[in-house]
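So, here come the structures, one by one.
Common to both upcoming complexes is subunit A, partnered first by subunit B, then by subunit C.
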Partner chain A sequence: MSANIYLHELRTRVRSVIIWSLSVAALIFFFSSIYSGFADQAVLINQMMSKFPPALLEAFGMNRMNLATVLGFYSLIFKFVQICLAIQAGNYGFGLVSVEENELTADFLLSKPVSRTQVLTSKLLAALTSLTITNAVVWAVSFGALAIFHGSYPYETGSLFLMLGSIVIFQLFFLSVGLVISLLVKRVRSVTPYSLGLGFGMYVLDAFSGMFGTSVLEDITPFKHMDPTYMIQNGSYDTPLVLLNASVTLIALVISYWLYIRRDIHAVS
Partner chain B sequence: MNIFFRELRANLKSLIIWCVVLILLVLVGAAKFSAYYNNPAMLGILNAFPKAMLEAMELTTFNLTTVTGFYGIMLIYYALMGGIAAAMWASDSISKEERDKTVEFSLVLPVSRSRVVTGKLLAALVNCIIFVLVTWGVSLWAAQQFHPDQAFNKFLALEMAGMFLIELIFLAIGLLLGCAMKQYKQSGSIAIGIILTTYFLSVMSGMQANLDFLKYFSPFKYFDAGVMLHSGKLDPMYMLLSAAIIVVCVIAAYWIYNKRDLYI
Partner chain C sequence: MSVIEVTNLTKYYGKSRGIVDVSFSEEEGEIFGFIGPNGAGKSTTIRLLLSLIHPTSGSAKVFGKDVVTHGTEIRRDIGYLPSEVFYYEGMKVIDLLKYSASFYECDCTKRLHELSDLMELELNRRISDLSYGNKKKVGIVQGLLHSPKLLFLDEPTAGLDPLMQRKFFDLIRQENARGVTVFFSSHILGEVQRLCTRVGIIREGKIVEISDIRALQQNNYKKVNVTADKLNPKTFDLPGVTNVQMENGTLHFFFKGDINMMLKKISSFQVADVTIEEPTLEEIFMHYYE
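Here is the complex of A and B:
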């Protein structure tokens, strides 16, 4: 860990972190503001829904979705927040070391008296700090917006804590998977297509699973590992899937270190 | 012409990856749909659901047990993928020259800046056309196992026209971003912002009646599969709106790129 690299990395990310945090905050705020109008209508729906046999509701994934409650509605917002966070974390992950090669600063950095392990550790910690700042903003804005807009409907904070608590695992997944992919390919020219592809790809996979039953293939998407509706319903994480997620993160990190230490980095000619 | 072919070659890998992902999406979807195909019990449940609930899940107006209804739901995913791909192709093909420090080289060639932009724009356009054709082909192929009728083929053609227009809109926006942004990194980030915002707006606009006006700001809502299924044609007002967005963005892109200071 080198303080200089860490601080430099943080400084280069300040603007990006501010923009992402503000956008996510705006997203949560605007979506929450339409809740009370929506809830009055949704109560009727839920009354009708309760008359259907549960097995059939399950087939459509509707048994898990309750838009009338504060948290049910929030879980919808949370899905969108997750997309943003996935792309942000993916951006940082894909760009973490590849940016040095693109901007031809890699040989400058690696000629410094620090080991590659130290370089990677400092960069990872800086990226994690940046993500945590956004995470903290999501926490604050979520509590604030729900407190303002929940209207006359009650909600329990326990499940909200669970959902918000899952963010850090979620971010780490995209950060480390992005990093390992960027090290596996020969050269990442542009970060955004990769992170958009990864983020949206995983989201579409998850959205799809809600629509037409489930299949094993969908268990690879973190949107499913941290499914907010599951947390609301069961009051806990889906432990096997979260463990799967965490182990993917760990393996990706280990492979990243292994690859980065051995990576052949072209010097500026 | 050389620029055009050079760009096509450079984008080939990206095009192949997008096509593979799309084919996977269609295959997974079709495998799941086969459980619903011609299942009257499912239809009964769907009809019994209140409209607002289905609306929230974007299931309105589609009879999920028919192949037409199934492809109606797929359109939003097609459009999302097409839009992202188009915006990335267009913005990246312009801004990558500055990123890779090759912009000086391409501009000392005996061609005007407009010709450079034209070559890149055409290459991205060809990519979009291929992407739509692949989508169309795979969808038709996957639908064969469900014995689609003539009406389905017409509806799918309509959907593909809608998808293509959405691609064109994002292509034009991406081109403008690539040409206008002073720093090459910004064009990608702003493209992400626009895609995310328009997608969220399209979801929001369906949720509540008084937020309906938001649909004008989201190209994903311009060619709604449900509306197309009923009317049997693309909405002329939205076609005009799309054409206006495309023309304005492309003209602005050329105009700005011709006079801007390039980052070397």
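Here is the complex of A and C:
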């Protein structure tokens, strides 16, 4: 790890981190603020929901949510937060080395006396730091917003801790999978389509999994691995799936290092 | 001591050729010219030596160490000026140069300012606002600020105005006088001729000639111009004569062979004017391409 690369990477991502953090904070705050008004009529809402086609509710993962409770409602918000975090982490993952190669600054960096391992480690740690800042904002705003807007309805912090605690594993998954894909394809010209594809793709896999019956496919998506509804219902993580998630992350990282050390950095073509 | 030692180095990008079976070496303190047209493999060779890309086969050593296994160590004493310069667009020149310096153990601040003053570089401008020539100057400063022992210059003068080119060449000569070894890749022969002691010519990925620049000019073709009566293009139809051209009663041709024989042949005419000169590198070079 080289401190100078780490700091440089952090600096280049400052604006992005601020924008993502503010957006996610606004999302949590805004949706939480409508809870107290919402909860008073929750019985009506649940009645209304029961009239929707079950397939539709399943598609949005709302069939098991109880929107009347504070955490049930928060878990709906948390799904949206997860989508944002997935795209942000995917952005950083896909762009980690590909941006420098596209903008051809990789020549500058890699002709310096640093090893590829040092470069990748510094970049990964910087990206993780950036993601952790957003993560910390999510923690703070979630606790703050729920404390303000829970009204007269109680909630237990245990499940909230579980949900928020899963964020870092969730982010690491998209960071490392994004990175390994960017190293496997020949060239990533633009990061956003990839990260949107990965983020929404994984979300859709989870959301629609119920509709297609159980399939192996749904087991690969982090949205399923870290399903907030499961955490609320069981008061724990779905341990096998979380372990599966962590293993995918680990394997993606190992392959990334292997590929990056052997990678040819091409000149202008 | 050989600073660069390249042995049967080969690089294929998938199926397309980079370089094939390239071998040469460069001694300490030399300025080695590496010439060839675009796409001949000049940049590929430099990128291999910097371990930006990995060889398909063969090996290369810099400072006696293998470039694949000891790249990090080697790069401590290398300065690199790429043919196309790209830097972090959002940064200020001074920040980029400081970032560059932060990779080396030396305190390079003094040298950084010396070089920037010399190249008339404005340190507070953003990289994205710089013209191509100014970016090139940033490249020169960042390549030299850590006082490297070996310099890779990949078509360094493109984008520099003639005045800057001259300053740049003076700078390279000064560095060389301090003992810095220079690997100079270019397709502009004039500048190679001005600066280099030895040249390697690369064509379609293969080395076609490695030679002392003097020897290349001397042991090679002579350029002969004869003005005399009764000349026609067939007059000097001797072995060793090529590129015969007739122009306003003057016959121009290249000759390689026994110069005495040529002199006898010329003296058999009533000669109005004769010159026998060493060809420019340009002319030798063109010859290799035919």
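Please note the rule applied: the second predicted complex is superposed on the first by the 242 of 269 C-alpha atoms of A that agree within 3 Å, B and C clash if a C-alpha of one lies under 4 Å from a C-alpha of the other, contacts with A are read in each partner's own complex, and residues count from 1 in each chain.
The definition used in the following text is that a residue touches a chain if its C-beta (ideal position, glycine included) is under 8 Å from a C-beta of that chain, and two chains touch if they have at least 3 such contacts.
Since this is a predicted model, take the numbers as computed values, not measurements.
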According to the stated criteria, A:F38 is in contact with first (subunit B), second (subunit C), both, or neither; which is it? first
Given the touch rule stated above, what does A:V204 touch, subunit B (first), subunit C (second), both, or neither? first
Who does A:F108 touch here: subunit B (first), subunit C (second), both, or neither? second
Of the partners subunit B and subunit C, which touch A:V242 in the superposed model: first, second, both, neither? neither
Touching A:L259 in the superposition: subunit B (first), subunit C (second), both, neither? neither
Residues of subunit A touched, compared between subunit B and subunit C (which is higher): B
Regarding the shared-chain residue A:H8, is it in contact with subunit B (first), subunit C (second), both, or neither? second
Report, in rising order, the residues of subunit A that make contact with subunit B in one complex and with subunit C in the other. none
Any idea which subunit C residues touch subunit A in the complex? 13, 43, 47, 50-54, 71-76, 78, 80, 82-84, 86-90, 99-100, 102-104, 142
Which stretch or stretches of subunit B touch subunit A in the complex? 14, 17, 21, 25, 28-29, 31-33, 35-36, 42, 45, 48-50, 52-53, 56-57, 73, 77, 80-81, 84, 88, 92, 96, 99-100, 188-189, 191-193, 195-196, 200, 203-204, 207-208, 210-211
Subunit B partner contacts - residues on subunit A that touch it in the complex: 16, 19, 23, 27, 30-31, 34, 37-38, 41-42, 44-45, 48-49, 52, 56, 59-60, 62, 65, 67, 80, 83-84, 87, 102, 189-193, 196-197, 200-201, 204, 207-208, 211-213, 215, 217
Residue positions on subunit A within touch of subunit C in the complex are 2, 4, 8, 12, 103-108, 110-115, 118, 262, 264-268
